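The first chain written gets the first letter, and so on, giving A, B, C and D; residue counts start at 1 in each chain.
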């Protein structure tokens, strides 16, 4: 089925998110959509999917104009979408999520979940992976949740599939599998729109590339373009794609983690006997597939986990059992994995978010009162320094685009006197321009003598930043290796192979 | 080797043994309290338990037991059960469910034996009274559960009960038919929830405001109509035909539980049906799946073609109908007359039961039953004569609820989108 | 429909417009099936018989008392009757501020400094020695229960306040008198004068909670029950009817068998408190300019409190009960028997 | 629309000058929401209320009985009933045109302010807890316990005014805070839901206070057998602001203004308030930023209880000074929820909403006395006012007004909600 968008315009108040966008997706084609954060990609796709009504323009399927009043209509017309933010009900099982909206019902009136289970298995078998239809979605690793989204779309026989940043949360292997899946679908004649910030993926899988900037199509690119070409087309300037860093000069001291173990209240071991050291002036990257205990490890260091045994010492000071407040005061900075949950208070302004963990600092508070002038100046400086694209310090953080939200969090954590910086997935969902910037800031922090821990599922990022790499698998560190370790070795370790064996 | 990408769902995680001391501590504290009561206020004499109604097929009759020996015996058993729980905890075991149940029954038995020294403990009446008190709470809570599950917080349960009670009384009096009254009650409940639905869903008014205001509105309206309509025409308009007891042959002969559960009026059987239907519907049908989806993540529901706001609208009204049926209990079963503000705050207890029951119809029902039981136990204890001032006795159900919530339930998570309006972009 | 329009009246009988009686309720409101309602009935009757205008104001909470009284004064009331002890302080204050207006208050001595005098010279207390009538009721209940061989009577209340507990006190004292005189052993369930503890529903709502309270008393095997407090007697009646047992009920405030004819077959007798009459009398005397502030105490003697007729149960009463009650009443009037309740006004 | 100022959660388009003078900020807070729609909402509510008044008026019903014979009668009766009702409302709440002189005539206005005081105080408590993400239904219990605690601690003292008044006041605030603190601590410790806790604590407070005031030696008025406490000692009474001619307006109102300023400062300007708002909007992020969510819950409940305590003190030191019982909360506990939410949980919003309620209350006395409009109907009209005022979109639909900021804010809110859900 051929999809054609003609002159789509979508305004939010005075903001023109999509400005007369034309886009054609042929059947059996993977069409990549590139653009920096806030360029209007998601908006365009939401218009296509019937979630938003376009202000102008039309949507044609096989040259027939369509009128979608809601996603129901779009789905009926054969459009499927894997949303950037998963549209899954966290408390439902996989089967329930897949069934929702087109449930099969037994004669008794009861829901026929067996049909849904069969659907799940059917799709999974077709693409050669495994998903438990009865698992609760919120308990699943994000990679698996992603698959549930895909199953949802495929179970409805979509002829045009939209993937909105599907790889932001996937591991390299998962990404490879997803791309294989996309190719398979393409070969079956499905038209695919693929949105991503990762240029490598685009070049690998796309048949055609459209780049949009500030709501307008700025051009097409061929899959043979270099990363640098694509990046500059996207951002509108030349982008440095490799991180320049001097060799590390570690100093004595730093963070010493020994025999760390984290349990759930039920006694499930999430982090198992983990020991490592990070010295000031070096970056330790913790690599691993999502869901192997990295989240819990960072949360344990930050004092956010309750059932922790072992020792975490910062310059000799024990942090296990200390409150988050004391750990922050001890000089630990934390960029959480999920900025929307743990990083920002969406309804509060950028200025307020920037001082969230320092709301008692004398430079911002006099006699219990916030010094708004100081807050404002501080925010302006950070906005300037970190290139946060916002209307001003009073803009609510929740209305920023993803990349800019991430920059607010990074700016907050990096503008304190730190001894340790703990950055989990620091560039998730962020466009190439911003990645460059965040990486350079992390390296600068290292060079200033901060002990840095970067947790990332992104091998590119790990390799680019790390001085040493610790690989986690099922709650354990399977090995700590130098940064020049070959990728395939890292890949094997991430699958559980011991360092020596690998 | 594709499964490396999803290890958590494939391989079983390592689990270490952890101690869960909560149960042991709770039982320990309870045992100490009971022991203190039994020792400091020791009572002698005989306690009589009435175990069946006068006309039971299997007459269990009345059983008299010597108070002191039985109290001490029970206490010994309670100590033993507590020790068991402690041993389990020390050995990293999870105590079996029967232990808690056995403890609960024994503790209650011991306490009643103690309290009923030289008195009569009418067991059937205690239990069926408890059931009776909880009926409107159960209906209200069911309405609350459906409302919140679909994403609309319903603080107007009190108003729905009250308006249900009013319209039931009026219609049943006029027609002389309690079923018409019940229908009227449900329509009354719907009228209230219609306002809630329109204002909360269409006009995006804060749901809690609408709820609180509706309670005021209904209080005022029923108060006014009662004054100008029912009082002057007492005998014509405020003498509803009621639902009579309808013993279910056979079932009612089950010792102890039969007369409690199956010697009730139509409305109570309707309640059993409603609880079962809502529980089944919510978890086993398309309707339930969609309701829960809309209340958890309306946008996700929208993306699969479920029309969120109509879904909310109709279900809020369904919830109103069910809560309204609870109102009918006041005037078609309990007391065959409508009186001003006769719901006496039970709608708010129902609201608490919704949360206490973690937004689950069965658990909310159990929470309502617990409240009813504590209330009726209070009744019994003050009839048996205690030196405790009536005000402290009357606190009992509320204190019990707090203890239960703080001690056993703890953190609970409601439907994620409850209370939040859904507006499409 | 299309009724015919009344003639435009121009003249007509001029009513003396100077006198303007007013009534103010406590937070129970007019339809409380208790003293507010009785008082309103008395006032309505007076207004109708006198053919004058009156104003009746309902309060919803304690904050309303002072403003309501103030509003009534500014509406030109010449007599203001407050219903219930709750209004005592506010009424005194208003009376002191408006010496030209006459005041009366029900169930209260308007004596908040306990010097034995009303605190304002223009207030007339209308109080009732309810325990006297309740004493007779208790005696009659005991006689009934002894005759049937049950030997158990019960009572319960709405909230534990004196105007409720005083009924229960008199009731129990009456039962004890019967036991003493007849060497009987009739028990009272639900109240204990000594410790002042008993069964209460916790409010005045006639709902299932109240019904189960009544049921709890019935379960103890009583055959006469005295529910005290607003409409909760309807809950007791429902419990009795449902139990199918031969249990009788005693009414309070007014003759329940008359007020609720469909309950007549359950109502043994009623302990009456003639609030309506007291309000009516106070109003009509004030209308003729004969208002005095002499406290009115309703007693058996002045029939301010009475035991009603037994109606249909007259014929089934125990031998001699009527005479015994008459004798008791004589003794109480004569002061030979003093019914002492800690809850008497 | 030019009259409208940005509504609460709407993104604030500050590009150049974010430095807003304080005075302006206060003004903006007061004017928050749309003035035009609010006025129209009042109008609609009054029309609907008028219909109700007309329907329930006896003259109207009599006249409509012969409508076809003489329709003018019906219309006149309707006009009389409705005009009379609202004229009485105005006379009772704002300005008594029938009074002899101006000073007496404005007395109703002081009644309005006096009535509003406890409502605003309790409403502030509910609003504050709401901003921290807690639904505090417990103002009733907090008021009751605040009053009882204060009486217990200070009614037997016989101190000069300069000592007795502040002591009684402080004891009241502490009492309210204790009662709310119980809920706060239980929530923080066990995770029990505050809605259940506060509902149950309301009932417990009712019975506890009932017991206290009916037990000699605890709080019962010495010598009395009624369930009523001793009168408030004269030294503890709030002095009237403008003398005895305006008995309802006392120092309590000043305290309530001070409390409003305090709550405004606390929430919008203080560093503790920053933490509170953070917890209210995103407890996860707050926790990760080193804010002890549990402790903030407890603090918020303590403040909320203290404010309810202030409402209690406005009652026993100002409005009902001759002794109190377990009804001293006078229904403010629940009205406070409406007032707080109507004021969008902002300090000055709550203040304005409280004034509106105070006026409706003050007017209700005259409506009942001189027009015979039953209190129940006044209650219904009140509820209607709240419904319409809280529903600007409805009003705009009715009057074909263009959508304005606050609808966008609703969208922003929904958006934020969706984001929160989207995880």
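Keep this in mind: a residue touches a chain if its C-beta (ideal position, glycine included) is under 8 Å from a C-beta of that chain, and two chains touch if they have at least 3 such contacts.
In this text the structure is predicted, and so the values were computed from the model without any measurement.
Most remote chain with respect to chain A, judged by CA-atom centres, is C.
Centre-to-centre, using mean CA coordinates, chain A is 74 Å away from chain C.
With centres taken as mean Cα positions, chain D sits 31 Å from chain B. Computed centre separation for the pair chain C/chain D is 36 angstrom, with centres defined by C-alpha atoms.
Once the centre of each chain is set as its mean CA position, chain A and chain D turn out to be 45 Å apart. Looking at chain B, one finds that residues 223, 227, 296-297, 299, 389, 391, 394, 416, 425 touch two or more other chains. Shared contact sites, meaning residues of chain D that touch two or more other chains, fall at 207, 210, 214, 374, 379, 415, 420, 422.
Among all residues of chain A, those that touch two or more other chains are 86, 90.
Interfaces, counted as pairs of touching chains, are A-B, A-D, B-C, B-D, C-D.
Considering their complex, residues 65-70, 73, 92, 111, 115, 207, 210, 214, 221, 223-228, 231, 247-248, 315, 319-320, 322-325, 327-328, 330-331, 362, 365-366, 368-370, 374-375, 379 of chain D touch chain C.
For chain A in complex with chain B, the residues that touch the partner chain are 46, 49, 51-52, 70-73, 75-76, 81, 83, 86-92, 96, 99-103, 105, 109-111, 128-132, 135, 139-141, 143-144, 152, 171, 173-174, 177, 263, 265-270, 272, 289, 291-292, 307, 473-475, 494-496. Residues of chain A that touch chain D in their complex: 13, 85-86, 90, 302, 304, 323-325, 327-329, 334, 336, 338, 340-349, 352, 355-357, 359-360, 364-365, 368-370, 372-373, 376, 391-396, 398-399.
Those residues of chain D that touch chain A in the complex are listed here as 9, 11-16, 18-19, 265, 269-275, 277-278, 281-282, 284-292, 408, 412, 415-416, 419-420, 422-423.
Listed in rising order, the residues of chain C touching chain B in the complex are 29-33, 160, 189-190, 192, 195, 197-200, 202-203, 205-213, 215-217, 219-221, 231, 234-235, 238, 242, 261-262.
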